[in-house]
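Alright, structures below, take your time with them.
Presented sequentially are two complexes of chain A, the first with chain B as partner and the second with chain C.
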Partner chain A sequence: MSITFDKVDYIYGKGTSFEKRALKDISFHIRDGEFVGIIGHTGSGKSTLIQHMNGLLKCTGGNVYYDCKDISNREYDRKTLRQNVGIVFQYPEHQLFEATVGKDVAFGPNNLNIPGLQADVRTYEALKSVGIDDSLLDVSPFDLSGGQKRRVAIAGVLAMKPKVLVLDEPAAGLDPVGRRDILDMIARIRREENITVILVSHSMEDVAEYVDRIMVMNDGALEMDGTVSEVFARRKELEEMGLSVPQISLLMGDLEDAGIIKDTGIYTMEEAVRVLSQKLLDRRGRNQ
Partner chain B sequence: MVRFENVTFEYIRRDEEGNVDSITTALDELSLHIKKGEFIAVLGSNGSGKSTFARHINALLKPTEGKVVVAGYDTTDDDNILEIRQRAGMVFQNPDNQIVAETVEEDVAFGPENMGIPTDEMQKRVDEALKKVGLYKKKLESPNRLSGGQKQRVAIAGILAMKPDCIIFDEPTAMLDPGGRRMIVETAHELNKKDGITIILITHNMEETVGADRIIVMEKGRIALEGTPRQVFSKGEETLKKYGMEVPVITALAQKIGLDGCILTREEFVDAYVKALE
Partner chain C sequence: MIRDITIGQYYPSESVIHRLDARIKFIGTIAYVIALFLFDTFWGFLPALVWLGSIVVLSGIPIGFIARGLKPIFFLLVFLVIFNLFLTPGEVIAEWWIFKITDNGLENAGFMTLRLTLLVIGSGMMTYTTTPSQLTTGMESIFKPLGVFKVPVHEVAMMMSIALRFIPILLEETDKIMKAQQARGADFESGNIFKRAKALIPVLVPLFVSAFRRAGELAEAMEARCYHGGKGRTKLHPLKFSAGDYISLVLIIGFVVGMGFIP
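Showing the complex of A and B:
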């Protein structure tokens, strides 16, 4: 599904003394199957933005379209919208509530009145794709480890078979190995299911490694929208917004300042290894 | 400053009748000594016992077996608890859970007020603490309007106002943006250098541990690895992965292109690379 925001505005507490314009004139288009990262300082409007993506919040100005259909239209089927757009909120494991892992994951499909057997299949498939073994189906979700709980919570959203998956800091609080596992899993699910994925993150390293495109929120406005290298080339502006660039970009900048390499725009480990070892090889070749 | 002597801690779960259902050993005969003025980083996978360890330092938890002594006070003796909590303060992960008052100033005053410190002395301490974390100008504002990084600094000021010897940070940056993260780590280093406060920083972010005096890696309630950042990160990717860790990005890049020594910072990298090119 493609997503279009057209001049979206959102004001919290309109008419009260707490009135705050949380989204300011936001316009963008996300194509079907894209992998997009959203970054921004705390309070920049990221969460408000993603809550507009499945109609949890209704914009106070502008329009939101899915596949070119306006979701604020009375005829638009909101139930299907919530089914199509799955949001995994921060620390989703806090939302687990059922007595068993199986029941928790099946909660969504059951609410959609999907027949029993089909709901079971979806539950089974969702748990399989997050790497939770069948043997845990009847275990209480509260007996699982932190990383496992998070997987089960994500499976609950996947069981709805969403066409768009929005994740708010899915790796927060996990150790580096757990972090990589979760993000690899999300990338794999995106490939296999061919869905659109939107990843909200505070980690520049994760964004650099996984997404194709970055949107930068700042004080409620969409400040930048471009490819990973386009966005990370604007280091100064990002730092002023309380953000950063990946460690590799910082290092390449230092090497550039020292006059050792030319402006490369490199932000990944592989590229850095390739360019820096090539230069070492060239030098050794010349010395011989 | 902090001494753990063969500390074992068990979480005991009971069923409805009160019978023991299961026992999880979170700390397993842990022994450790932290000197005054040290900056310690604690790493380890989820569930390795890091937070249980931290909660023993200011007597939020007490050992099932063994002994924890903080600044000369044994944590198992209830008469010592106030003294220990004043000397060892703790900053938690979620900034929103630590705000108790309506203004920044009142929030910072909460600790010293409970200690029964006279008003004018308290005001002095609060102002001083807020200046130290760079939030003096915001002292009359509502803490709820601050950013995540600022809220964490209010929490730090609240501890500073109690004049602690030691601050324990339990994943203080996990929920912050990069700017907030940088600020908190810098503040911790500054308090360590300028005021000689002992810092214990629990984190999953390898980059944050590079400036520590010593890294402790925990695994199943025990210390699996221990040493300076250079000693720990030179163990190589495979070993660290076993403990849920990674090598810092810069170190990994240096290892991949074959630069000598264990490189931790960008400055070291640039120097070593220039040398390799000569």
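Showing the complex of A and C:
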């Protein structure tokens, strides 16, 4: 499913003294199967933006289209939209409520009126893909560890078999190893299921390695939209927005400013090592 | 939607009324409410209106904000008017089909509406100009003498301020959980009453879990900072009467006594 936002505006508390324009004229297009990162400072409007993707919030201006169909249209099937676009909210473990892990994951499929056996299969598969062992199927979700709870909650969305998976800060509040595990898991699920994934984060470092494209939000506006290297090449602007750039990008940027290298937008260690060693080799060659 | 209701909300500002001692505002509000019931002729509304009007002007709160505070009682007002207008016996002054408007009915309807409106706006003014924490500190101080009769005044005040603090947090939390469950296909809007009640389970369970978690965390944080009840506890902002507070107190007494003399 391709997603198109056309001049989307959203105002919280319209017409009250608490009016807050949280999205300003946002336009973009996401093709089928893309892996997109949405980055922005806390309060920049990321969570507000993604709630427009399955119609939980209705834009106060502009339009949202899936496969060129306007979702604000009366005939548009909301239920199918919610099934096709799975949103994992921030701290999804706070939404667990059932007596057992299995029942909680099956909540989504049950709401879609999927027959029992098929719902069981989906539950089983979803738990497998987030790395939760079957032995935990009948355990209360409240007895699990924090990381396990989060995986179960993600499985609850995966069991709906979404075509677009949106995750709001999936690594928030986890230790470095936990963060990496969750992000690796998401990248793997994307490969296996071949779905569109939209990863929201306030940390560049988390996202840069995984996604193909980055959208940068600042104060409700979409400031940048491009490949990872295109975005990181504008590191000065990023820093002005209070976003941290991966350290290796900072180093390469400084070398570039000093006139030592020309390449811009390097953000992985491997790439940096390749460019720098080439530079050293060149220099040695010239000296001899 | 919930944010539309302004009654009970604080309206941040630096006005004279905002700076008054919370105890004065509390006593003033109680006195005002009593005074509103002291008179039974239309003349009584004049001083009450002047009194309330000056407070509103001094507080600098926009009329629109105050008017929205009346929203929740709007239907109650409409009902009161209708019932009083048509069901009060007396001399008929207008008649149409089976409806009869009597002079007493008209008077009653006007009286009730004015009184209730003044009551709601007046008590609203206290919450608009006083933060919940000032209010509970003030009430704790007013009711302190009850401690002699073993009433746990401090504890009740503390519970009140925590409860007030948690209301917006829990409302926000409810909104978040509802959205998360809707994203998993939950439907809160269709079906009969039993179905709807059942649909709330996926919201209520996480809400309770989170309320208990927050309560536990708060209790731990309080203990970690040596909270041990009210005994020997000092205040960051001790309540102290200023000249303005004494003047207000005199004005309040004058107002109530004056209202008592209205025929």
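Convention: the second predicted complex is superposed on the first by the 265 of 288 C-alpha atoms of A that agree within 3 Å, B and C clash if a C-alpha of one lies under 4 Å from a C-alpha of the other, contacts with A are read in each partner's own complex, and residues count from 1 in each chain.
Methods note: a contact is a pair of C-beta atoms (placed from the backbone, for glycine too) under 8 Å apart; a residue touches a chain by one contact, two chains touch by 3 or more.
In this text the structure is predicted, and so the values were computed from the model without any measurement.
Trainee: Give one of first, second, both or neither to describe whether A:A187 is in contact with chain B, with chain C, with both, or with none.
Mentor: Neither partner.
Trainee: According to the contact criterion defined above, which of chain B and chain C contacts more residues of chain A?
Mentor: Comparing chain B with chain C, the partner touching more chain A residues is B.
Trainee: Tell me the contact category for A:S277 with respect to chain B and chain C: first, second, both or neither.
Mentor: Touch status of A:S277: first partner only.
Trainee: Counting only touches as set out at the top, which of chain B and chain C does A:M1 meet: first, second, both, neither?
Mentor: A:M1: touches no partner chain.
Trainee: With both complexes superposed on chain A, which partner does A:G40 reach: first (chain B), second (chain C), both or neither?
Mentor: So A:G40 only meets chain B here.
Trainee: Considering only the touch criterion stated at the top, classify A:N111 as touching first (chain B), second (chain C), both, or neither.
Mentor: The second partner, chain C, only.
Trainee: For A:A233 in the superposed arrangement: first (chain B), second (chain C), both or neither?
Mentor: Touch partners of A:A233: none, neither chain B nor chain C.
Trainee: If we count contacts the way the header does, which residues on chain B are in touch with chain A in the complex?
Mentor: The touching residues are 44-47, 93, 147-149, 171, 174-182, 204, 206-207, 241, 244-246, 248-250, 252-253, 256-258, 266-267, 269-270, 273-274, 276-277.
Trainee: So in the complex, the part of chain A that touches chain C is made up of which residues?
Mentor: Those in contact with chain C are residues 13, 16-18, 51, 54, 56, 79, 82-83, 86-87, 89, 92, 94-97, 107-108, 111-112, 142, 156-157, 160.
Trainee: Taking the touch rule as given, give the residues of chain C at its contact with chain A in the complex, in rising order.
Mentor: 3-4, 62, 64-65, 68, 173, 176-177, 179-187, 201-202, 205-206, 209-210
Trainee: Which residues, counting only chain A, touch chain B once they are in their complex?
Mentor: The touching residues are 40-43, 145-147, 172-180, 202, 204-205, 239, 241-244, 246-248, 250-251, 254-255, 258, 260, 269, 272-273, 276-277, 279-280, 283.
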